[in-house]
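Following this message is one structure expressed as structure tokens.
Which chain is which? They are A, B, C and D, in the order written, and residues in each are numbered from 1.
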Amino acid sequence: MKQIVDLTIIDTVKIGDAYSIIRCTSKDILPEMKPGQFASLKIENNPKVFLRRPFSIHDYDKTENTVAFLIKIVGEGSRTLTELKRGDTVNAVLPLGNSFHFDAKGKSLIVGGGCGIAPIYFLAKCMKEINADFDIIIGGRTCNDLLCLDNLSTLSTTFCATEDGSKGSKGFVTDIPALSNNLSQYGKIHCCGPEGMMKAIAKTAVANNVFCEASLENTMACGIGVCLCCVTKTVHGNECVCSKGPIFNVKELAW
Amino acid sequence: MKQIVDLTIIDTVKIGDAYSIIRCTSKDILPEMKPGQFASLKIENNPKVFLRRPFSIHDYDKTENTVAFLIKIVGEGSRTLTELKRGDTVNAVLPLGNSFHFDAKGKSLIVGGGCGIAPIYFLAKCMKEINADFDIIIGGRTCNDLLCLDNLSTLSTTFCATEDGSKGSKGFVTDIPALSNNLSQYGKIHCCGPEGMMKAIAKTAVANNVFCEASLENTMACGIGVCLCCVTKTVHGNECVCSKGPIFNVKELAW
Amino acid sequence: MVNLAVNIGSLKLKNPIITASGTFGYGYEYEDFFDISRLGGIVVKATTAEPRDGNPYPRLAETPSGMINAVGLQNKGVNYFVSEIYNKLEKIDTNIIANVSGSTVESCVEVARKMNELDHIAAIELNISCPNVKEGGMAFGTSVKESYRITASIRNVCSKPLIIKLSPNVTNIAEIAMSVESAGADAISLVNTFLAMAIDAEKQKPILSTITGGLSGPAIKPIALRMVWQVHKAVSIPIIGLGGIMNATDAVEFMLAGATAVQVGTANFINPAVTMDILKGLEDYATRHMIENISELTGALQL
Amino acid sequence: MVNLAVNIGSLKLKNPIITASGTFGYGYEYEDFFDISRLGGIVVKATTAEPRDGNPYPRLAETPSGMINAVGLQNKGVNYFVSEIYNKLEKIDTNIIANVSGSTVESCVEVARKMNELDHIAAIELNISCPNVKEGGMAFGTSVKESYRITASIRNVCSKPLIIKLSPNVTNIAEIAMSVESAGADAISLVNTFLAMAIDAEKQKPILSTITGGLSGPAIKPIALRMVWQVHKAVSIPIIGLGGIMNATDAVEFMLAGATAVQVGTANFINPAVTMDILKGLEDYATRHMIENISELTGALQL
């Protein structure tokens, strides 16, 4: 069930200049959350921000009653969030949207790019819990954009690529052999990242007849499917990313 | 010369629930300020406040390069200011407006009510510096509104009145004998406080043929005499409180 | 105990807080957050005769204290509404108000006729003010003659309370209000969104796919309030005021200016349960001001 | 090096940043804060034929991302302007633009005729859009016929560049713009303030002495931008865009939408030196986008 909750920040960790992970708890029991879902966070004390901002559930720990967000600073809203300190509160509507359709059948591939790594970590954790067999690929412009690499590596084999070659293989994630040559070893691909990256993956996946789902971004107002502002073109017409997504089977998308 | 300066808060002192004194400095030399003048403070990080807010110079110390404001919490702007902490900055346009026309000739009377005590302290300090002979009267609803009483008492004889009689004489400042019976002992009266109080004083002053000036409040947009929003009716027509005032000879006012 | 009930003509509301069309879906999307039957009413999202896919993405731009939308009446059409959606609304124990839109008088009449047959539709709000469609929409709401014509046509097929939702994009709002009143409207709701535009300076492109869209939120409140006031002086049918209402104080302001009830739109996006805060605040306000019937507030502005 | 110069017809500006009438006094009030000759121009506060004491206090209400004023053209009249103020303006080395206002065509003509004789007045901006006076003002700006009539009358006595400042309180801004263009206007400035209202819910009273007033500030920017865009498509004379400009990005947006220059109003109250920040930001923007002449931005929006 969706809830409006006041989250209390437990800690914030800066990753380089552009990213921050904020971990929160609540005095009430947080609702159950699934990987791929997101929260809509209210930005306080910033006259330049009017609407809430959507952020994926980066981590959720039921026993500890915590939820974490990985935030890339791109504008006023994200900057204000990363400036919050331990003890501050942030109002959230959560959990929103659908979730990744993962399972333990066959081998799966998870691909994350840039801040698209946010939901990937939670997904990988959940897949590990059900003993699924999966590989992870993450990519970024430079090694500074390879977020959570160490944590991900503890969960499964993790390949990485950077555009400048500062870490992993030089180039795009789609240049990594697992994706470029060996795709049919996988039963499912789950990806989240820049649209260009996801489109490239979708293309190969469709060509190889592999199930592929992508987590889309979009500017949102309501986050719950009522304002119809966040649509993406699908084979069924315009669909709301916030309520029908954010995870879409790439075959449904009018890409 | 008017300046736009970033002030840095050195300390803030809460007085009861409703008042706060914030003392600030600047890395640059603050412009010369006179009692009765005010500053226009920018309220940051509060989406509910759009315009600057005017506050009297409560204290100015040239040698220490500090300026202080006594702020009564009445709404969002004043509340936000009183929540600032040591080290925070507040942007100010200052000094604005004219100043009290005080001198050391004869004996003067200073009257302050409620947060109208803000400019009174600086005025009394300056009058003490020129060895002027003066009495002070302050009033408030309860003893909690008798601000800076101790500090004022060190500067000169200070009478006080509270509406509930919790300190000083019970009633209004105008009930204090200095004002009600002995007014002609004074050459000049300088007052600042609620309009009702100032009008009552003005009436007695005019009746006793004593010079009396009052510091007016008004809602302001520009603070420098260009928007014409802050007018008060005078014998010369509408005049701007921010530039022709805030100190007016009560004879000029259409009271 | 404050009596919060108000009447919009023959339409009885348990309280004056209604949710605005296009900002509250069909109501049940908010069921997780609060008991929606506590609302005075719910205006469901616009229904047109034919299914509409709306405008291309992007449809949203954030602006100072507001937002611009360019949704363009996306909906699955009136037949889908009748067969697939209506039955879910029947369970909601408050006034469900249909928002009828379209690009021709005929298509609006068709929708109104079908809505009129549904028992649990308490009233019809005719939207003659959508800035996001090429034909019709706002064009009806910006002309005295057209607004009369379409109102009269809908009146013909509508036995339920008929509310006309006016466009604020006009020189003289009172004139339009009088025109729809004389055409048989039972009430007026205003305002719809203001035609507006947002530009991405770095990309040197419009932010919205449609270049212009409709501005809503607190930014427009002062203008909306003025229009409610002007219309209140001009007509005798009840007014439902809206435009930037974020809290109970805003709601009171609209009532003082002449509104019998209010609608809450964009604020639902910022706080999905905002209507319950407003309701609570309204009750507190009435208690504080010793108001027995909230309807006393309507037009009570002291000059 | 970016060339910031722009032309409004025969009026040459060293840069497109002008200060808006009623928000920058006569200019010299801002001399303490920066070198005002660095501005592209200064529109001084409204001048009427006779002295006016303006509206009673209160004249100001703060609103979300904006403010409403009800000043009502307070000024000492054109004769006082000529004898007491003009000589101080002569020393300012930028374009001084007179803002001519009045409640009748005749009184505006009188002011314009006197302003026209002053060498250091670079242009005349005719204000047909003041919402804060009982007669004239906005009434001229909301009628195609009236706006034509007054523009043509002023044109007759005005050999200087003539700018008409339009009211945004209209259904069809392009229509009014075309009307003043055909009546001989050299340029159009838009927008003036939006007719708006603020209420003190606790006191149950209007905040302004005049009940309604003019809304300005960032709240109105999206609507102003849309109007500049619409007018840009409709006329061929230059446009001066304004309404809520707070920073260089806002200024760029107005230029992209079709403005040749911009005016900064309410923002001066928040930061008295804001125009210099905007100027600097505009130069940075041009450098970043490899724009040699800032005038290339005008109407450069890519669709």
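Keep this in mind: a contact is a pair of C-beta atoms (placed from the backbone, for glycine too) under 8 Å apart; a residue touches a chain by one contact, two chains touch by 3 or more.
Computed from a predicted model, the values in this text were never measured in an experiment.
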Where subunit A and subunit C overlap in contact partners, by chain label: none
Chain labels contacting subunit A and also subunit B: none
Most widely separated chain from subunit D, with each centre as the mean of CA atoms: A
For subunit A paired with subunit D, centre-to-centre distance based on mean C-alpha positions, whole Å: 48
Geometric centre distance via CA averages, subunit D-subunit B, whole Å: 36
Rounded Å distance, subunit C centre to subunit D centre (Cα mean): 34
Residues of subunit A whose C-beta touches two or more other chains: 47, 50
Residue list for subunit D, restricted to those that touch at least two other chains: 63-66, 217
Category of the chain touch graph - line, ring, star, complete, other: ring
Chains that touch, pairwise: A-B, A-C, B-D, C-D
Subunit B residues within the subunit A interface of the complex: 45-47, 50
Complex interface listing, subunit A residues touching subunit C: 1-4, 42, 47-52, 93, 218-233, 237-238, 243
Subunit D - residues contacting subunit B, complex: 22-25, 29-30, 32-33, 45, 53-54, 56-60, 62-67, 69, 71, 74, 217, 266, 268-273
Residues on subunit C engaged by subunit D in the complex (per definition of touch): 61, 63-66, 68, 142, 169-172, 194-199, 201, 203-206, 211-212, 215, 217-223, 225-226, 229, 244, 249, 252-253, 256-257, 285, 289, 300-303
